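Chain naming follows the written order as A, B, C and D, and within any one chain the residues start at number 1.
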Amino acid sequence: MTRTELTIAGVGGQGSILAGTVLGSAAVTYDGKYAVQTQAYSSELRGGYAATWVVVSDEPVVFPRVTRPDILMAQAQDSINRFSHTLKPDGILIVDSDMVPTPPDNIGHIFRIPATSIARNRLKAPVTANIIMLGALCRVRRVVSREALEKAIVDAVSKEQEQLNLDAFNLGFEAVREPMD
Amino acid sequence: MGRGKKIMTGTHFMMGNLACAEGAIAAGCEFVSGYPITPASEVVNRLAKRLPEVGGIFLQTEDEIAAICSAIGASWAGQKALTATSGPGISLMQENIGFAVATETPLVIVDVQRLGPSTGAPSVGLAGDMVQVARGSHGDYQIVALCPESPQEMFDLTVRAFHLAEKYRVPVFLLADAFVGHMREQVIIPEEKQLEIESRKIPKGGNDPMDRQDFLSVDVAPMPVFGRGFKAHVTSSCHDEHGMRNLSDPEVMHRYISRPIDKILNHRDDIIQVEADYSGASIVLVSYGTVGRSARAAAHLAQAQGLRTGNVRLITCWPFPDREIRQVAESVDFIVVLENNRGQLYPYIKAEAAHACRIELLGPETLGQIHDPEYILARIREMIK
Amino acid sequence: MSVSAHPFRRYMRNHVTRTTTCPGCGNGIITQAILRAIDELGLDMDDFIFVSGIGCSAWIPSPLFAADTLHTTHGRPIAFATGIKLCLPEKNILVASGDGDLAAIGGNHLIHAARRNIDMTVVLVNNGIYGMTGGQTAPTTPRGLTTITSPHGTLEHTFDICAMVAAAGASYVTRWTTYHPRQMTRSIKKAIVKKGFALVEAISQCPVQFGRAAKLGKAVDMLKHFKENSIRIDKARNLDEEALKGKIVVGEFVDIEKAELASEWARLKQEVMEV
Amino acid sequence: MSKITIFRQACKGVEDCGICIFVCPKQVLIGSDEMNEVGYLPPQVKDESLCTGCQNCMISCPDFSIVVEKDASKPAAERGEEDG
């Protein structure tokens, strides 16, 4: 089975859905894989909940929903409350440790990335936390290749924001000390 | 010249609603009117930007009623026209959907369905308008409705919707839902020459409607569009084959209602598309739209466990594929109808199948979420116990 | 007889031999004013698309006029006309319909077409009542009048359509009665030529429904009423509310030049496509 | 002299309409007892020589039933074309 299911969640404004779009776009456009992304968000566009689900596969995706994710990327405590119980037993949880100080301890693999403080302190750009998380994801599990993700990031942001986001991706990548792959 | 690209040939990771917008432009649509509504807004948002680049016009109207009326006006002015909305907007458009049918106006109506009435649960996909698009306007009539299961089909079936609307002079619905509208997936946009798009026939000439019979032909008459000297008389009032009002002759009334219906039903084999994969099966899952993907996954699971299970997906939901359903029913033991609602097409399917096999409805475990394949399988096992 | 047919027969469909109105109805006077305006401007019927809604006055162009005519749903002709104009910007679009159609059920489209300042001529026939459906109260019915649905007299205030359309932003707004066919013709000519949204409110007699409700008598009595109670806008400006009670203020209310939607679209397309 | 033509079959009668008679400044037209094919009583010309050619009756006729050909020798003001 080549199918990988991911849930990426946060609160509105953190860019969780964009992170999912970049991931899916990288898989389809640059890695020759198949991907489906779906999403849900509350009617308030800032501060409510936001979640996106991505299925990445080497074959066309038949069932497009994520029901038992292999990976949950959580950018807020709310995301843990909503989605941590859906993770597969040996699933991977990647949290923004600034926003989720005490993740549940009954999960197979937990990666704590201080994405918000890296974004604030090192890049002076809090909005890049989602891309930092994406960098971390890339190091934890090669769902999609690093090259494809970098190209998809460049596609997704304006010319002026290109280097900032590539730096963010790189900082997230480096923040993972012990990758799984 | 930097004229906007009409067809974005290539492979994209694209949201369903945007694929629909690109399908419209690829099909040659040059007039779109709409009023913002979740979860359909991305269709018109995209077209507002793209249309002027290809020489078209987008009008954001004061309400959904104006949206469909101006689109019908544009169609009579000779353009391929589209409007996009969701369930509550369809409710507001209903009177003029009937007008478009009665005046045999080519038109594409995108309905990105959602859950509940009015504000309801606007971003949750649910097939809530399956019957209202076909039976919601007054009178008696036939429209065409196509149900996409993926962003790719949001593109492909939008192109086909224009093809059928123009070919048969009828409103054609693209019945998507929030799930597929907001879904992003691989979308392959082909080259222009690979797209099948028929445009409407226009009369050769003549400026006295009494010399022509441009209305009510079951073989689809050419359309005397405005601005070319045809002096067309267009009314949704009961009219004869010249388009002239006639409220006194019962036979004219009969033709006025029957012929636009026969026009569609007589060509049902060209219009109806059904994806069928059930050879050797004793159980068949009948579905449409995004639920079709659940059904296919469930059938794979079932087959792997030794249950002879097949699939029938209605790509065309209206005109209703009665013969196709009948054919399935007569060759299997059990039909399970999967719908993301409490059974909107079920009565129509049951009417064609119940004489020949067992038939049950199965909604999703949670309305608004398409069925989990394992849930389908578990329920089938219970049903056949 | 020295003429074999009315000269305007040439603008009518051959097989339509009679107008579809009651004896003495003002619709025919307005119909002739429209055709006379087109005739005097030297335009051809093929230069026009005529759009109407539902109601007696919706039958002014349809089926009578030998032209492209679109007879639409109740209240919506302006919305249909908007789509037509944007796709056929070189054509003149003339909407003829009633007060119930355009100002009650269709009021929202009237406001927004004026706001967009889309180039079309709207001849709004105001007879102050729902004629075709049997004489019900309209937004334009004078306050206090007894009708089928206000058997004890209407409690509601009367709609000033010209003021509303002027406030919404139209380029040209005028009001005449059927006692002023020459002035009405001149205003329709100006409205057709005007690049922008132009409203001609035509106060008209419905002897069958309104005449009976208001006890104004027959068509001629109603025209007499229009004659005696019409007051020109330049004179009305100097009068207070009390003096204007029961009067019909006629004349031109708005005549301005401003950016028009169909032309703006032509410009925008040019710009965007050239980028 | 101006010339008046009445298309009797298109007319809806002076009983309920009669606008032509009302708008004529010279009382050129009067009623009649002769019905047309649908039962209306069209007007008749009492004295064509009184007609100034103002065309009020023609312009105000709701049913396109009257044509007045102006006497070209007279200027418009003299014909009394009202412009209230």
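Here is the rule we go by: contacts are C-beta pairs under 8 Å (C-beta built on N, C-alpha and C of every residue); 3 or more make two chains touch, one makes a residue touch a chain.
Just so we're clear, the structure is a prediction, and the values are computed from it rather than from any experiment.
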*Separation of mean Cα positions, chain C and chain B [Å, integer]*: 38
_For chain A versus chain D, what separation do you get between their C-alpha means, in angstrom?_
85
*Can you check how far apart chain C and chain D are, centre to centre, with Cα atoms defining each centre and the answer in Å?*
25
*Report the inter-chain centroid distance for chain A and chain C in whole angstrom, where each centroid is the mean of the CA atoms.*
61
*So which bits of chain D are touching at least two other chains?*
none
*asked:* Chains as vertices, touching pairs as edges: which of line, ring, star, complete or other describes this one?
replied: line
*Please give all chain pairs that are in touch with each other.*
A-B, B-C, C-D
*Complex interface listing, chain B residues touching chain C*: 1-4, 30-31, 33, 52-57, 59, 61-63, 65-66, 69-79, 81, 95-96, 99, 208-210, 226-227, 229-237, 244-245
*asked:* Could you list, by residue number, the parts of chain C that touch chain B in their complex?
replied: 13-15, 45-46, 49, 51, 62-63, 66-73, 76, 79-84, 86-88, 91, 108-109, 111-112, 265, 268-269, 272-275
*Report the residues of chain A in contact with chain B in the complex, numbered from low to high.*
21, 24-25, 27-29, 34-41, 43, 61-65, 67
*Mind listing the chain B positions that touch chain A in their complex?*
11-13, 38, 122-124, 150, 179, 182-186, 290, 293-294, 296-297, 300, 369-370, 372-373
*What does chain C use to touch chain D in their complex?*
1-3, 5-9, 17-19, 21-29, 31-33, 36, 178-183, 185, 207, 218-220, 223-224, 227, 230
